[in-house]
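Below are two complexes that have subunit A in common, paired first with subunit B and then with subunit C.
What follows is the complex of A and B.
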């Protein structure tokens, strides 16, 4: 009885919390068949990632392990699992939701912090070298149009993206 | 001429002028005009979706708004851009609540997503606006000596429910377009499997191991080259082979070309005009087989 209570206490809030996130809505449809794991190119290479395990952990309410662990960052977003899931769990999207939650706790992997910095400073996640930009006419390419950086910054400040990113910066 | 707003993205202008050149030279020859719009920004691809989905959806929608204002559909060269924009477009068109939520965010930038335009990958444009017959008739070079291992990558095909690009398990559009050039499109093991590219920068060893499998399988199938649709797949497989040399002491020399490059060559565009030096793995073997 005590164990049941314990499970209930930890389980419900986390899966419900995931369901309220964009991308996380379908997490509870999973019945653990493993079609995702057998379709996953990463799971074939490393034991550190298995989509079925990530969903199981989430459903069991293992919030700390899921959001602080390495696994959610090892999905290669190929959508093979999502395409094949018989229960229509949007697995790749659930993993985005988990990453979003993890980042809001201040856990932002370096490479993602670099992408965010590129976005905020130039409006592109991959910066364009001045060298290549200058060479464009030589190749016969037209000059690059300006990016809508001002509009972008307004969007980023409205959604709180800049604050999420700064929090990650401070904690790292 | 059918006109499209070209969504160029970042990786292509940042690293792959050969891709941009081939597309800008080939598509107008087939009656497709590419219009460059000002103020486009990042497409909000998986790395940004990983940080915040709501922001990503809003940024993608912002870009689509610019095309709506210009009264043009969007064409992308990068498959990553295609997925980000097409997924946002399809999602917001069918989900009114989410559309209202995104439009509240976009109002800060003076934009409103209406859902009046389409987002297409250039392969769809070739199939739908040009058509295989017209394409076949436009070919002036003979590519029949080439065995091409076409590789769609993930984000043209999946999630198919939203992207509606091709059959996700038995795709044929890319192969049809390769064969329309006169080349032979070959099958190889795990053809539809990911290149691993999105793990680069976080788990390089895993990414390289996945890419290696693709190079091994296309080599075993005796391909003359791999054809890609996406700058990330290209990078992962082309530069990847240099990394494989030092990581596994294996040398494959499998040329990787974007489909737009093969198309340009078939249309008779001089290879020298296509900046071939941007390939890490030399493509001479492929050029020599085209007569």
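What follows is the complex of A and C.
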């Protein structure tokens, strides 16, 4: 009778660890056909990002390089790759999982830190200036509604978002 | 009733066993057991003098039940049983146990404990032997005829083999002509020879030599004695039992009398109807009356009833010089009585239009491998020239895309296994006809695993065919240059390429042939998860189905190349011949039977039986009873374990035999450890115990092994009986759930163990006293470890205390 051993998430091989994350479940389906790479609009303009290579790196267990590198932040989430992947790897979602893992290590690129700060203070990712608000009627847009910042803060605190963000702030 | 006289024969293995077991004590113990009339001892009892002793005592009438303690699991038993039968005693009155591998060897460190266990084992064997009943041999007649379904290379090969062996063979083909997929493939890899070339039939007396091979149409295939061919036909119904099937065939009208048509071609010249030619990938048109290519069998025209105007035109009728055209023909149904059926229905190319990004069906210059094969064929629609369908000009820049709809979890997850070689073949044929042609193959992995296949790939590279490692994301049309663009990443150079092409060739998945599902339903056989016909066991029983008498070959089970198809067809033919050759099935009545008095109306057993051996038949106006076919029953006992009212028994493992064995095994302990009954199935479970002992792995002697045909026979109350008999723990050892010899037995046992655990808890007993394990032969070490673990567990739990006792 084989006894199932309790393994902590952090002791898992990197690819298995990714599989425990929301969105990362399908990472091991990948057989490196490259459909994602040729589907990717970002990969065509910069050598810094290639979805196939991000997955390959993950499967090879190169955790440090994957989570500290720039590549995972360059995906534009168009989901082209995911749509066409013959192995049903949820590539864009895997990349989100990797981003989440990276952020939990305190590695938050500036732009995301700004998004988070805006979310915490105003309830919006993009700050709205007085000028913009005045402009809205000119385009026939209704005035912005309140963001319900109190409820939002409650959610962000219950889900642990603020703690993760705080950690990132301290380290940067 | 005849007096029961048990003879007990102990093998001491060249005096090796007495070093551990006290043989004198065993002999005198056995002598005093009631019913034992003879005890003998020899080096070995499975051959030579020892076996002769058994045979002689039987012949002299001294004994009528035989217990043999002999090493050599199974091998010893087979020989003893055979000799006993020859001596005139029913072979089912023999009980063979293994004191070496089940007792002396694994308990060599504790000789006195081992001796006590040996006594229990002998007593159990004697008690069971006393209750054994003779089992008779049954005979079922079989017909010496075979139906082969599918006239491709697999079906033709199997049909030829069987007809040459003297069986009456009916070959049916749903299309109007023989040849199947091979006839459209034109050439085969890796030799590039004609696809329709077959081994010449032995009946071709004038030209046959050992090396002789011929095109289908020149082979005289149709003239093989004992072979009848029906084209335009399909199976619509099947009835009967293995060896005696009644198959109903529907033959669609050909509208041309096969006996009169001389193939003169006058009809096609006058026929005014033109339709796209399916056989030739719609790259040319054909008339409503047609032949696929000039060299077909039967060499007779056929009328396409969806296109023909019949009596509104009838020009062909007027012009036919032999009055062969019969527009009044109707569908015919006929019944064939055959002993066996071979399914050779093949596979087909998947329609890749579902993969929108490759635009098959939108862009005329995106074609499939099979369509390209038709172009390359000299008899094909372009007389061997590779063209762009859009303007029919020669194609110069060709891009091939592999794995289209195969290795794809969205459509067909399997690797179709032959497409890499097909594309290599096409690439090289194009390149050798036109060295200026630019051919690029986009691949994920090139799979060239067969004999000489890798050399084929080497040759392709030498010829200048380009390979890009990457699966293209899409094919687009560039109106400016009027070319197709294939968008792909070459992983090796890490470059994104936009390959210009005037012809894109897709290598689609190979999927089960149309009508596979319906045929499986009619014949009552299983498909695998991918929709192909399921081989009973790809390693041990290839080309067989679960139903005796129905066999499979060729691409019907999975896409195959021609050599593998050929092998497979020969295999199926031999299997069918072996099955039918004696004209009867001889089978022991080692089967289950129903006590009709108890059986009543539930439908558990017919549903549970893995072999479809049980049917419900009316008992009276209101009630049904289960009826078990002795022909189909495999004697596993899963129905016995399922029956809620104990109405079913196995003839060779009756409940009283099981109980007597249990009681005997628990009668002596001799160790200070808690007694554990290990109920093992006769297949993997028992084999694990054998291998454990043979390798001299040690486990404690409190483990007592009892064999049942399959753990699926066990009922919940039997676990309780084991505890009542004195066991403090019960281990059930069966095959792995996906490797159970009787398919579902091991799983059923697992469920019953779980249920029994619940009951034990209700009764105030620790459920951990009962446990199910799954092992195979090579896991003897696991049996030893498990036995040790269970012993320690039960020592920890302490003695068994029933509810209310203190």
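We adopt the following convention: the second predicted complex is superposed on the first by the 150 of 172 C-alpha atoms of A that agree within 3 Å, B and C clash if a C-alpha of one lies under 4 Å from a C-alpha of the other, contacts with A are read in each partner's own complex, and residues count from 1 in each chain.
In this text, contacts are C-beta pairs under 8 Å (C-beta built on N, C-alpha and C of every residue); 3 or more make two chains touch, one makes a residue touch a chain.
Every value quoted in this text rests on a predicted model; they were computed, and no experiment measured them.
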Subunit C versus subunit B on the shared subunit A, clash or fit after superposition: fit
Subunit B versus subunit C as contact partner of A:43, first or second or both or neither: second
Contacts of A:52 with subunit B and subunit C, given as first, second, both or neither: second
First, second, both or neither for A:132, with subunit B first and subunit C second: first
Contacts of A:35 with subunit B and subunit C, given as first, second, both or neither: second
Partner chain(s) touched by A:87 [first = subunit B, second = subunit C, both, neither]: second
After superposition on chain A, the shortest CA separation from subunit B to subunit C (Å): 7
Residues of subunit A contacting subunit B in one complex and subunit C in the other: 80
Subunit C-touching residues of subunit A, taken from the complex the two chains share: 1, 29, 31-35, 37-39, 43-44, 50, 52, 80, 84, 86-88
Residues of subunit C that touch subunit A when the two form their complex: 357, 403, 407-410, 444-445, 469-474, 487-489, 491, 494, 496, 771, 773, 786, 789
Subunit A-facing residues of subunit B, complex: 8, 10-11, 13-15, 17, 20-21, 24, 36-42, 45-55, 57-59, 62, 66, 105-106, 108-111, 154-155, 158-160, 168-169, 193-194, 196-199, 201-203, 206-207, 209-210, 273, 275
Subunit B-touching residues of subunit A, taken from the complex the two chains share: 21-23, 41-42, 45-46, 73-74, 76-80, 82-83, 90, 92-93, 96-97, 99-100, 103, 108-109, 111-112, 114-116, 119, 123-129, 132-133, 135-136, 139-142, 144-149, 151-152, 154-159, 161, 164-165
